[in-house]
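Several structures are given next for inspection.
Each of the next two complexes has chain A plus one more chain, namely chain B in the first and chain C in the second.
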Partner chain A sequence: MKNSKWSQFTSFLFVLPYFVMFVCFLLIPIIYGIYISFHSWDLLSKDRPFVGLQNYIAIFDPGTHLNSVFFNGLFNTFKFVIFSVPLLVVIGLLLALLVTNLPKKVQGFFRTVYFIPYVVSVSVIAIVWLWLLDTNSGLINEYLSVLGLDPIPWLTRIPYAWISIVVATLWWTIGFNMILFINALNEVPEELYESASIDGASSWKKLIHITLPTIRPVMLFVFITSTIASFNVYGQPYLMTRGGPGNQTEVLLMSIVDEAFSQRQLGSASAMAILMALIMIAISVIQFRINRASEEGKFKRKNKKGVGVWAKRKNQSF
Partner chain B sequence: MKRFLSGKLLIILLLVGLVACGNDEGSGTAGDDTESAAGGEQITLWVPFSGPDGPKMQEIVNAFNESQDEFSVDYQVVPQSEYYTTIDLTLNDNRNVPDLMVMHADQLLTYVENDLLKNLDEITGETVNLEDYNENAVEGAMVDGELYGIPLDIHPLMFYWNKDLFEAAGLDPDVPPTNREEFVEFAQKLTDGNGQYGYVVPTLWPQQFIMPTIVYQNGGKLIDDGQVLYDSEEVVEALEFQRSLITEYGVSPSDVQQDGEVTLFLQGKNAMHMNGPWMLQQWEDAGMNFGVAPVPMLGTEQQAVFGNSHNFVVPEVVGEEKHEAIKQFLSFTAENGMAWAESGQAPVSKAVYESDEFQEMKQQPEVAKQFDYTHFSPRVRNWGQLSDPLMEAVNEVLLGQKEPREALEEATNRAQQRLN
Partner chain C sequence: MGKKKKSILLVSIAVVVAILFLMPLFWMLSTSFKTDTEALTGGLNWIPQNFTIENYTYTLLGEGLNVPVVRWMFNSIFAGLVGTMIIVSIDAMAAYGLARLDVPFKKYLFPLFVSTLMIPFVITFLPMYMQFSNLGLLNTYAALILPYTANAFGVFLLYQFFKTFPKELEEAAKLDGANKWQIFIRIVVPSAKPILWTLSIFSFMMIYNDFLWPLVATSSPEMRTIATGIAVMQQGSFVSSYGKLMALTSIATIPAVIVFIIGQRYFIKGVTQSGIK
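Entry: the complex of A and B
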């Protein structure tokens, strides 16, 4: 009895640091953000009247600038999510399959090579791609002209601007998804492959019937975290296209940051941020539901690894 | 968004925390100082000079601190990117507020309207005499006819050209174009159809300076009396002219991306370029053979240029006991501001810009030539927010995705919506 109390106490001590951080830097700010969103909160003004739902109403009122800013940003963010998430999952998996099928000696080398961009900051990534993609003096267009092709306006025209942003994002973050998939692939029991070989299954059949079903929990995890991270896209369009041409690649976070810190309107910016959170929560719930429905107890959901990396992934955005 | 919200508030919390900590220490040391320095008054100065210009201002502050022992200035650089956010949070919190800070002219009105800045009439007089400064710069530090800032410099748009390319094209490398006709003529001569362009038209920054410059040169206005005038003839003409450089005259490539024109200028593939005086260092570091001059008359009506300025301002909450120290420092800076000129900027103190030493510099006297006809941003709250729709229209038109009039009408509506 005494022993168990002591162990409860020590467990509590272990949780405490995270809990304190969670309360200070997540819980309180979120509650404070909700509080701010109910006020007309000009950073410079002493007068911050309570306005109830007015900030939210303004966002849905087609006559206001908040409405156009919010929905333009949201629409563009959705586009980015739709373009990037499938590629992030599929290419991550392909790379993982590629690397795990390499000879053991060089596996570590390629794992590192693909992972390196992930540890570089977004400003560096953006500048590298900015120089590569420059319409009139970039390396890529230089190569195209050697091949006798016309230069492509990579960052100033739709759809190229999106292609550029997505490619830069893939190059930057794909290593992380690849590592997750490599771990999952290594966990697939060898016996399954062996018995399938004895039954004469082809490599393709092994992939479809053994590998994919086994790594499914990790796939779901990668899918959801990639969606969340893609929703939080900010640095790449901000640095590479400045939201252009016009405002066609201006994503929601750019609009929110601008509203909060350039226009100093914390109230309406917080309202936009809260709405964005609600949308993301809704999407994550739907993704879970769909997966659970299709899963229907076919697989035990033991994604311990998934939960572990989740915590790390949560604090990162593209 | 959780992440964002927490990120945002984390910054706020950290800043508040820092400010709070700073305050504890600050008040402690400040108290000690006043006692130990036998009545000497210390003032805190905040500046956004996190670039190579920072040490230059530091030189002036150090010289002031050494010149006498009655007053001292505590010099604090806040990174440019978070400068106004830091000011906002500090003023908001009303703790650890600096006694003196540098503010851009286009920011003044917003702070004045919130009663956050001191009217400086009580500070000017014998020691800080407005007649010692360029009149237009003083005008730029006024809001509704009242003075809220003591100007340090004006930084208008500047014109740069590549002397080597001028020479190769058979032009006099020391004679820049002065009007639209010459500009277009030079640009055509400097375009070789093989990757070298006469004047590459930017589609994003620094259009925030270029577009208004041509509008003012056309005799137009951007906002007047609560009316957004982005669809007025003068603005449409300015944008059509810029587009014609790409489509009609072919002196610029299309689809120029962020900083694309700067890259080409540095590579010697763009012969003429317009940007702020702060770019000087980059051209020099690249070892370019370049010239610098006032912006040519690209408009049709009058000589004009768009610019911004740095001004010393005093927060409303600063007490009277600091006034003497502030006056002494401002007066010292006006007389000994040559170090600031060395950063490439042009101080507006007559003692500096009328001196022989200043006139012998390369870029600075060219900047000073534009002092008297520099136009500052329209006096409206949040000019940045109101100019966004205009800049998006400029971007789309120069990228060949919209017609000038149509894009500008749309921008007018959006800006008017924000203004109301």
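Entry: the complex of A and C
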């Protein structure tokens, strides 16, 4: 009989290859990144002295170059998140409602069409939109001139530059959210709609009182994942506006890449990257907490009332 | 409103939205068959006046062009395929081990792996650049492949599957004297095929389409991927040659769209499953 130590060893061999990759390309980089952020790390110099928290202090010290770069980037990233996330959630849901209400035969076709841009890389997306939005010969300004309107400098003026980046992003990623919503909509129990129909509820009331409350967890999930994805925005402004006009669309990830590879200051760039990661983790933790707190609140309310909200609602007229 | 009327209305809306979604891609294809001059004079020609495949022959055959576009395509597809094979193999083994076998410390290992799904990419790419630079491995396939294999998404996805996999099949094989490895290869892997396809398509797309990491990890023209190569061209010699740029983006798009259409069922399932947390 094999002893259990041997069995444990052979079982561990299953996990070992992934574990090695995990350590080399996730754990070590995280630790190494923290280490780098405590140094004045010039890419071209062999001399990389330990400076403690100085990189972090410089980021928070008003008047330093690092301070203005970091907060300009952070502020612009926040702008992009605030512009894009509500649209990503709402339009994703609207598309899913559209698709699920179509005749069954054509649902699959339209789902595929709306999803296709998602499979293309960000550089293709950005360059195609750069061309569509070209001031002098882009398709969109050509159509505007057919309507007798002046050409719009889509990529070189605020607010157009933001509108362009947000529209390209919506077109690219909305299909992903739509799929999540379609799935959630298909899982709403049919009985809920049936009993509402018996009560004579309109489609709109069914949407407000049945569909939206039922898919609420998925909405929050989409909201959280869209926020994280929007925080990581890089390719669209990098290729479409190059951060311009001025540095008004330069997002934080662009500032970090610039600090690391144009200024060659990997130490301060790492400190910026770690702060960005901490902000992102903090935001997702807060969102998860809010989510859980409101779920628990709902649960408690239900229990207090004993019978559950739905049974009560069912007897109300919609 | 009658049911029939309502569905005609909805289908019409769906068609209009579909046209809006496909328009950028059609315009890309249309421009790619125009001369640069025709592209730049503007106009609304959806069908090129002087239809030409010159943009494709120029970018692919590269006469007078000193960038290896075909090599970029090869790099992207090669890194995508090899990376996918590694990811699927090691993730399946690890997920099966953690879900079913007596792996020591598995109570801690699985949460450790999954918790890294919360960690943003921004925290690892600069130190990873230094690591590859220290080892002299920038501008190599190792740099274009290995970093993706640490992603815990696959382990997480497959773990859920193996947890619900019926024990009876494994036990029957055990009675026949099969060892863990034989059970894994002969029984577990074949029955996990659909979910392994889902992971494969996801992984291929992730590597093929990635932008920021290959942009910093490669600088030599031969080692660019297509996604980063076209960005370099857009900012360089093709800056306003929209005919050629659109030919390049069309070339870059084709493999991804083919993979998606072949594996659509699995891909959409994967999106769905990424939502179950």
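As a convention for this text, the second predicted complex is superposed on the first by the 275 of 318 C-alpha atoms of A that agree within 3 Å, B and C clash if a C-alpha of one lies under 4 Å from a C-alpha of the other, contacts with A are read in each partner's own complex, and residues count from 1 in each chain.
By definition in this document, a contact is a pair of C-beta atoms (placed from the backbone, for glycine too) under 8 Å apart; a residue touches a chain by one contact, two chains touch by 3 or more.
Please read all numbers here as calculations on a predicted model, not as lab measurements.
Enquirer: Answer with clash or fit: chain B and chain C placed together on chain A by superposition.
Expert: Chain B and chain C clash in the superposed model.
Enquirer: Applying the document's definition of touch, where does A:C24 land relative to chain B and chain C: first, second, both, or neither?
Expert: It touches chain B and chain C both.
Enquirer: For A:S68, is the partner it touches chain B (first), chain C (second), both, or none of the two (neither)?
Expert: The first partner, chain B, only.
Enquirer: Given the touch rule stated above, what does A:L44 touch, chain B (first), chain C (second), both, or neither?
Expert: So A:L44 only meets chain B here.
Enquirer: Figure out whether A:T135 sits in contact with chain B (first) or chain C (second), or with both, or with neither.
Expert: After superposition on chain A, A:T135 lies in contact with chain B alone.
Enquirer: Given the touch rule stated above, what does A:A277 touch, chain B (first), chain C (second), both, or neither?
Expert: In the superposed model, A:A277 contacts both chain B and chain C.
Enquirer: If we overlay the two complexes on their shared chain A, which of chain B and chain C does A:I256 touch? Say first, second, both or neither.
Expert: In the superposition, A:I256 contacts both chain B and chain C.
Enquirer: Applying the touch criterion given at the start, work out whether A:R157 contacts chain B, chain C, both or neither, answering first, second, both or neither.
Expert: first
Enquirer: According to the stated criteria, A:T173 is in contact with first (chain B), second (chain C), both, or neither; which is it?
Expert: So A:T173 meets neither chain B nor chain C here.
Enquirer: Between chain B and chain C, pick out the one touching the greater number of residues of chain A.
Expert: In the superposed model, C touches more residues of chain A.
Enquirer: Quick one: classify A:N247 as touching chain B (first), chain C (second), both or neither.
Expert: A:N247 contacts chain B only, not chain C.
Enquirer: From the options 60-68, 78-86, 204-212 or 258-266, pick the one stretch of chain C whose C-alpha atoms clash with chain B.
Expert: Given the superposition on chain A, chain C and chain B clash at 60-68.
Enquirer: Mind sorting out which residues of chain A both chain B and chain C touch, each in its own complex?
Expert: Correct list for chain A: 24-26, 28-30, 32-33, 130-131, 134, 136-137, 231-232, 253, 256-257, 260-261, 270, 273-274, 276-277, 280.
Enquirer: Touching residues of chain B toward chain A in the complex: what are they?
Expert: Per the touch definition, chain B meets chain A at residues 1-6, 8-10, 13, 85, 88-89, 91-92, 110-111, 114, 116, 195, 200, 203-205, 253-260, 263-264, 267, 269, 382, 384-385, 392-393, 395-396, 399, 401-402, 414, 417-418.
Enquirer: Using the touch definition from the top, list the residues of chain A that touch chain B in their complex.
Expert: 24-26, 28-30, 32-33, 42-46, 63-65, 68, 130-131, 133-137, 153-157, 231-232, 240-242, 244-247, 253, 256-257, 260-264, 270, 273-274, 276-277, 280, 314-315, 317
Enquirer: Using the touch definition from the top, list the residues of chain A that touch chain C in their complex.
Expert: Contacts found on chain A: 4, 7-8, 10-12, 14-15, 17-19, 21-22, 24-26, 28-30, 32-33, 35-36, 95, 98-99, 101-103, 106, 110-117, 119-124, 126-132, 134, 136-139, 142-143, 146, 171, 176, 179-180, 183-184, 218, 221-222, 228, 231-232, 234-235, 238-239, 253, 256-257, 260-261, 266, 269-270, 273-274, 276-277, 280-281, 284.
Enquirer: Name, in rising order, each residue of chain C that touches chain A in their complex.
Expert: 7, 10-11, 13-14, 17-18, 21-22, 24-25, 27-28, 31, 39-44, 89-91, 93-94, 96-98, 101-104, 106, 109, 113, 116, 118-131, 146-147, 149-150, 152, 155, 180-181, 184, 205, 208-212, 216, 226-228, 230-231, 234-235, 242, 245-246, 249, 252-253, 256-257, 259-260, 264, 267-268, 271-272, 275, 277
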